[in-house]
Amino acid sequence: MTRPTALLASSLPVHAFRAPARVRFSDCDPAGIVFFAAWFVMANAAIEDWFTESLCVDFHALHSTRRIGTGFVHAEADFFAPGLMGDRILLTPLVTRIGGASYALCLHVHRGEQELARLHFVTATTDLDARRAVPIPDDLRAALGAYQERCAT
Amino acid sequence: MTRPTALLASSLPVHAFRAPARVRFSDCDPAGIVFFAAWFVMANAAIEDWFTESLCVDFHALHSTRRIGTGFVHAEADFFAPGLMGDRILLTPLVTRIGGASYALCLHVHRGEQELARLHFVTATTDLDARRAVPIPDDLRAALGAYQERCAT
Amino acid sequence: MTRPTALLASSLPVHAFRAPARVRFSDCDPAGIVFFAAWFVMANAAIEDWFTESLCVDFHALHSTRRIGTGFVHAEADFFAPGLMGDRILLTPLVTRIGGASYALCLHVHRGEQELARLHFVTATTDLDARRAVPIPDDLRAALGAYQERCAT
Amino acid sequence: MTRPTALLASSLPVHAFRAPARVRFSDCDPAGIVFFAAWFVMANAAIEDWFTESLCVDFHALHSTRRIGTGFVHAEADFFAPGLMGDRILLTPLVTRIGGASYALCLHVHRGEQELARLHFVTATTDLDARRAVPIPDDLRAALGAYQERCAT
């Protein structure tokens, strides 16, 4: 396994969305640093903000009203440096693949220029009531595609 | 036990600090509403923001550098109405008592005018290394007193 | 406010249910002790075990199949001593009140003879789909009453 | 990316350790299934039990007394099927690599014969006070090697 290399924040696409967050006391473990699973929770919150503020697809309505789930079939993280209590961080989501009933994201976590963590997710869209895969809804597909293009420029 | 009555947001002191927050997917339980323990975690985050932004006492430095703990000896919550995914809420802390080595807070959680939850905390200041009670540090005591006064006007 | 006094484990009713648990790394905060909100999560897990193993009312079926919620309208905790990573603890639930559409519990947390925390909950039974209060279901009411009696002897 | 295939529980090494766990109400999200980050928390708890009960290396003393951290530099999960409230599951850790200052684990999560999730972790051993990498302690290295051998038979 080759370890990926941390990227400077300024090397990310200018037009990508940045979700700000702050490392909380409750995110940290007895080692005084962010507990690894808390990075996943923060990433999920950043994805919610990205949906609503950048993709203009209401993440919560998608689940509660439209009953479309965006569950992960794969989640992965590389940790480059520890996050500390009070750290102000930025989470930058990038779309890496758009399939029929799934899409892949990469999420960079930076404190200033330093990349602390990088997460990868494969999301499968599902009918929450029938509990089976469904194609990515049209509005979400269009928004993901437009975002991917915007970040490529 | 008498149940307290929910208060309108506009009835709270004008000069009190308001910490904004958003109810996350991960805060909610299978009933689709905020899991009760998540209210306590959100309240703790609001207290961190209040320390840093309003009291001007760095919550994280207090713990990590100055090694003063602000652990709760009592925590209590009344739940008036469920919080839902995506809700934008405001958390308003009020100081209700300042003692020698402890102080008490009340924290109101509102969505618009509606109070969703009210929390009460008794905090004891401790030496984190010696694990014993210590008097409230002078800067924190002064800041708590000034805030309490500001809210009374 | 008067602080309650910690009780020895051996002073609790012999016939009460004890839910064993272990303090996890992820339950602990940068102060190296159990984060206060984690006590509430552990208490909720203990109540699930108590329902299923002692009351013989399936907690999960109650929510998912029967669509009865057991949400808290009040939750409260006194913390007597810190819990540490790896601690083996016992959680002992007691029924303190059975009303029409709500009941109250007290939950003692002990490590050996020492009481670390004591929690109080007021639970309202609700119809999860209609989101309104409903009377305590008959089987649950009978089980709560029988348990309360068993603990009184 | 090729998706891995779920394995039957009975195909895992007979001599591997199994950590039992139960899916809690608080592990589940508004979709009624285990929130993905909760799998990581459960896996961490299983690793604690495995250390203490199978490797005979006290996980908590390792961190609190010996000040050796076992932080993850990589964490990864494939999700095959949703976990439901109340599910009784078994978590089976396997050692996949032992390096100088890091080791890799694979953790299978089964409900009966069905694999629900599979997690991979790369752990780096660190000096918690100096915050730098240190060789795997001798007792832990020996225990990991012996376990790996035991599972190969």
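Should a chain be cited, it is by its letter among A, B, C and D, assigned in written order, with residues numbered from 1 in that chain.
Quick note on the criterion: a residue touches a chain if its C-beta (ideal position, glycine included) is under 8 Å from a C-beta of that chain, and two chains touch if they have at least 3 such contacts.
Quantities reported herein were computed from a predicted structural model and do not represent experimental measurements.
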| item | value |
| --- | --- |
| Set of chains adjacent to chain A and to chain D | B, C |
| More contacts between chains, C-D or A-C | C-D |
| Separation of mean Cα positions, chain C and chain B [Å, integer] | 24 |
| Approximate Å spacing (C-alpha centroids) for the pair chain A, chain C | 35 |
| Separation of chain C from chain D, taking each centre as the mean of its C-alpha atoms, in whole Å | 29 |
| Multi-partner residues of chain B (each touching 2 or more other chains) | 25-26, 30, 32, 37, 41, 44, 63-64, 85 |
| Residue numbers on chain D that touch chain A, as the complex places them | 1, 3, 30-31, 33, 36-37, 40-41, 44, 63-64, 69, 71-79, 82, 104, 122, 128, 131 |
| In the complex with chain A, residue positions of chain C that touch it | 25-26, 28-30, 32, 35, 37, 85 |
| Chain B residues within the chain A interface of the complex | 22, 24-26, 32, 41, 44-45, 48-49, 52, 58-61, 63-64, 84-86 |
